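Next, two complexes with subunit A in common: one pairs it with subunit B, the other with subunit C.
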Partner chain A sequence: MQPLLEVQDLEVCFARRQVLRRVSFSIAPGETLGIVGESGSGKSVTALSIMGLLSRPGRVTGGRVLWHGEDLLQLPPDSHRQLRGKAMAMIFQEPMTCLNPVYTVEKQISEVLMLHRGMSKKEAAEAAADYLEQVGIAEPMARLRNYPHELSGGMRQRVMIAMALAGEPELLIADEPTTALDVTVQAQILDLLKQLQAKTGMAMILITHDLGLVAENAERGVVMYAGEVVEEGSVEELFTNPAHPYTQGLLRSLPRWGEQQDMLYTIPGTVPRRLEGIAGCAFAERCPLAEERCAEPQSMHRFSATQAARCWRTKDKVGDAEWQSR
Partner chain B sequence: MAEQVALTVKDLEKVFPLRRGLFARPQGGVRAVDKVSFQLKSGETLALVGESGCGKTTVARILAGLEQPTGGTVVLSGKELDFASKETPHILRQTNQMVFQDPYATLNPRMTVGQSVEEPLIVRRYAGDRKQRVRELFAAVSLGEEMIDRYPHQFSGGQRQRIGIARALASDPKILLCDEPTSALDVSVQGQVLNLLKDLQQERGISYLFISHNLSVVWHISQQVAVMYLGKIVEIGSREAVFLETAHPYTKALLAASPKVAPGQSRERIVLSGEVPSPLNPPSGCRFHTRCPFAKDICREAEPSLQDLGAGHHVACHFAGKM
Partner chain C sequence: MLKYVVRRILLAIPLVLGISLLVFGLMHLAPGDPVRMLAGREAPQEVIDSIRREWGFDKPFLVQYFTWLSKVLRGDMGRSVISQLPVSYLIKSRLPYTLKLNFWATLLGLAIAFPLGVIAAAKRQTWVDYAASAFALVGMSMPGFWLALVLIIVFAVQLNWFPTSGTGTWAHYVLPTATLGFSWAAGLMRMVRTSLLEVLKEDYVRTARAKGLREKVVLVKHALRNALIPIVTVLGTWLAYMVVGTVVIETIFAWPGLGRLLTTALLQRDFFLVQAIILMISVAVVAANLLVDVLYAVIDPRVRLS
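On to the complex of A and B.
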């Protein structure tokens, strides 16, 4: 089956500084893919590149973003813009960054409906109320007349989701959608996204720094470190049998309730400030298992249908004959 | 020694008056903290958990001398504080120090971090060699001496949090009030800061009042846990009692909602509907009844008091132990 979206060797620079290198992954229709990584690992830049929302001085310097097999990066900006909102939509951590404070909720949702679905103003107003109801907002008719500042954080997040859904996208990119919310509201929003996904069959990319959210909500996960994908696999594989030392370190450094841990494991060192001059593994200087050959560039070593890691040791583990690099 | 009490808080209350208009009289108020009682033992950690607006930060701000309580008593190292006295905030600041979520916001960008750490020593008229003391403090939080003359922007988030801790330690506090100290940090750095806090506690016998919404972190760092909802403590006890023998439905929901890194594990999930009601107009009876999946008539009418389930485990629910 052709993937819905395939990112191949994506490279992004901010001015002369490289922030993404050789980022590759794909997502199938209806699937949920989690992208995890710490701040500065390039998760959001990846999402913005897919959406075509990268702004100066950021620019894509290499690679392809295939949408149904067609390279989005080759599209004229206007055609890419027409896909946004309709084919793919994005929701953000802070809803106020995407809601316009001087327009009512109704105006903002119906704009999407009129633009992408060709509805009349009256039809759009009715449909907007429907969408609010779908995202679990009580008294949708009254809420339509509200301005964003009159709503609570969780409600705004719901309005933003309603806006994203109004275009009936095939792919929803959720960038830290619940980081600013309380845990009980976070649980509601994620349940809502899952329900809507089951109903509409859209695919979802869930970007988060919270490993737990990926474990609970995604089918597959991609782990990013310093602008690179270091490991990908099914959620089961990533959390029970992580292959890359960075993934292993991250999981070991998490406190877990119910377990007795005296001191937490910590990954020594810090994330490298610049990628220039690092030809090989960016994690090598912090890696307890680093060897000489880690200074050489390496590809993702695949060792199951779904799991692959950018680490020589994974290659050794499966043997030369078996692994195929991508 | 271990059983010594560093701090006793009894029936603490804070009402923020509400005014409509600049010169209007106050019309009612928000009960941000409502009859909160707990004890913090020397060298131990008590965690306050709850969602935003539950009053946990207000409790810390009162104990840091930044806010005047409107009722209740605070006993600090055996002495009851008189909040009418002007001296009280000074006493509080001497023994209690705060560690904030965003250390960058608390550091002056035009001062070197060494100067920032030295400042409390100047204010307190420290008698010894201040520079020497600053070097000791930096060593205590595992920052090199060469860092002393740098500016805040030259540090990473985790390092800044260490500086924030060093500055809090400058006045030799008995109690650190940590308000979400690791929430802004990445997982790998969070571990370093939590380990540092544990080390410091073991070395110096400091007590922590640890505010966090991350339950895994709370489990890791604390001995006692208090769960707050709309200004009230709904459950309090040892961390084992609260996490493993959970009695209050709100605590259960919080535990169920916090994501766990064990894929494919099905678990009992209580998803609460709605959001935390406005503290301006808290619900009648049990404040949690509007979102509680088990609420009965009595919950709407009568406010449950904290009942003792044994071994210091208290819970405010009409149906505690009956669910």
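On to the complex of A and C.
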């Protein structure tokens, strides 16, 4: 089956600084893909590049973003624009600042319905109320007349989701959708997203720094480090058999239920600020298992139908015959 | 909304009273005895005393103030010392000219500043932006009176397209309107640009783009409306600036408005006339600020609450 979206060797620079290199992954229709990584690992930049929302000085310098097999990066900007909000929608980390403070909820949702689904103002208002109900907002008719500042953070994120749904997208990119919310609200929002996904059949990219969220909500995961994909695999593979030392480190630093721990494990060191000059593995300087050859560039080593990692040790583990590089 | 407007109006009342007290007090502190001006240099003491009594100048300051205030409230602002005409009549005959000039200048200023500011912000760091910024820099650096003189030399004296001064036809409006409008537009344009650039960084602008809206809609509907909030807040200050500009421009173009009436009255120490015009201008500035406050609430729903 043709993937819904396929990112191939995506490279992004901010001014002259490279922030994304050889990022590749794909997502099938209806699938949920988690992208995990620390802040600064390039998760959001990847999402914005797919949406065509990268703003100056950021720009895509290489690679392809295939949407139903068509390269979005080659599309004229206006054609890419027409896909936004309709074929692919995005919700963001900060529900407090993502809604326009001077327009009512109704206006902001109706806008999508009128633009992408050709509804009249009256039809759009009715449909907007319907979407508010779908995202679990009580008294939708009354809420339509509210301004964003009159709503709580959780409510605003629900409005953002309603707005994203209004274009009936095939893909929803949720960039840290719950990071800014209270823990109880977080669970509600994620349940809502799952439930809506089951109903509409849309695919979802869930971007987060929280491995737990990926485990609970995604089928497959992509682990990013310093602008690169270091490992990808099914959620089960990532959690039971992580191949890359970075993924292993991330898992070790999770607190465990019922286990006595005086100190949480931390990965020593920090994410490198500049990628230039690092030809090989960007994680090598923090990696407890680093060797000399880690300074050399390497590709993803695939060792199962779904799992692959960018680490020499992975290659050794599976043996030369079994791995294919890509 | 209505509650907000009413409260703003109520708050403006003590402000206007305070201003009137200040204007009245300042006039009394200013050198020159109005009674001697009124009576003439050679007048005998009895005449001066009787005028003093008649106008209430022999009473304590506060009594004088309240007598004056109650008269002003009834529309009686005294008589001109020079022409003996009622001050209210003089103001009424000049006010429409000032209003008309300011109206067209404001319109011209807005018509230049907004499109230029929006385009400059949208095309940031391109030649369009640089050209617009250069226009703003030149416009802000040129004093109004200097621009007025240059315009007169070029368009009135050399090209003979427009008259140098006076009123009557539309042609008379061109040069004073252009002078006032341009100097105003330059500063305003810069504000529109800066404010819009600030707003374009906001998350909700990214949301608007993520919806797939056209860039024009993103700019005008989502960004500009928000950018207006800081612009409108300083508009009040700009209006005061415009009043001052009007005084100078009216004098240069011999425009029969309030500004020129004021400069003449000041030079002739026309006590009551000066007092009345300054009061009028002050009240106008307060009223303009009131209007700005209301506009502010119209644009930003968050203001209506507090």
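The definition used in the following text is that the second predicted complex is superposed on the first by the 324 of 326 C-alpha atoms of A that agree within 3 Å, B and C clash if a C-alpha of one lies under 4 Å from a C-alpha of the other, contacts with A are read in each partner's own complex, and residues count from 1 in each chain.
Rule of thumb we're sticking to: contacts are C-beta pairs under 8 Å (C-beta built on N, C-alpha and C of every residue); 3 or more make two chains touch, one makes a residue touch a chain.
No experiment lies behind these values; they were computed from the predicted model shown.
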Inset, instruction - Scan A:Arg313 for contacts with subunit B and subunit C and give back first, second, both or neither. - result: neither
Inset, instruction - Based on the superposed arrangement, let me know which partner A:Leu83 touches: subunit B (first), subunit C (second), both, or neither? - result: second
Legend entry - Of subunit B and subunit C, the chain that contacts the larger number of subunit A residues: B
Legend entry - First (subunit B), second (subunit C), both or neither touched by A:Arg17: neither
Inset, instruction - Return first, second, both or neither, reflecting whether A:Asp210 touches subunit B, subunit C, both chains, or no partner chain. - result: first
Inset, instruction - Name the contact category of A:Gln186: first (subunit B only), second (subunit C only), both, or neither. - result: first
Inset, instruction - Pick one for A:Thr270: touches subunit B only (first), subunit C only (second), both, or neither. - result: first
Inset, instruction - Scan A:Phe92 for contacts with subunit B and subunit C and give back first, second, both or neither. - result: second
Inset, instruction - Could you tell me if A:Val112 is touching subunit B, subunit C, both of them or neither one (first, second, both, neither)? - result: second
Inset, instruction - Report the residues of subunit C in contact with subunit A in the complex, numbered from low to high. - result: 202-204, 206-215, 222, 225-226, 299-302
Legend entry - Contacting residues of subunit A [partner subunit C, same complex]: 51, 53, 55, 81-86, 89-90, 92, 94, 97-103, 111-112, 115-116, 147, 149, 160, 163, 167
Legend entry - Touch list for subunit A against partner subunit B, complex: 38-39, 152, 154-155, 182-188, 191, 209-213, 215-216, 235-236, 239-240, 249-251, 253-258, 261, 263-267, 270
Legend entry - subunit A partner contacts - residues on subunit B that touch it in the complex: 51-52, 156, 158, 186-188, 190-192, 194-195, 198, 213, 215-220, 243-244, 253-264, 269, 271-273, 275-276, 291
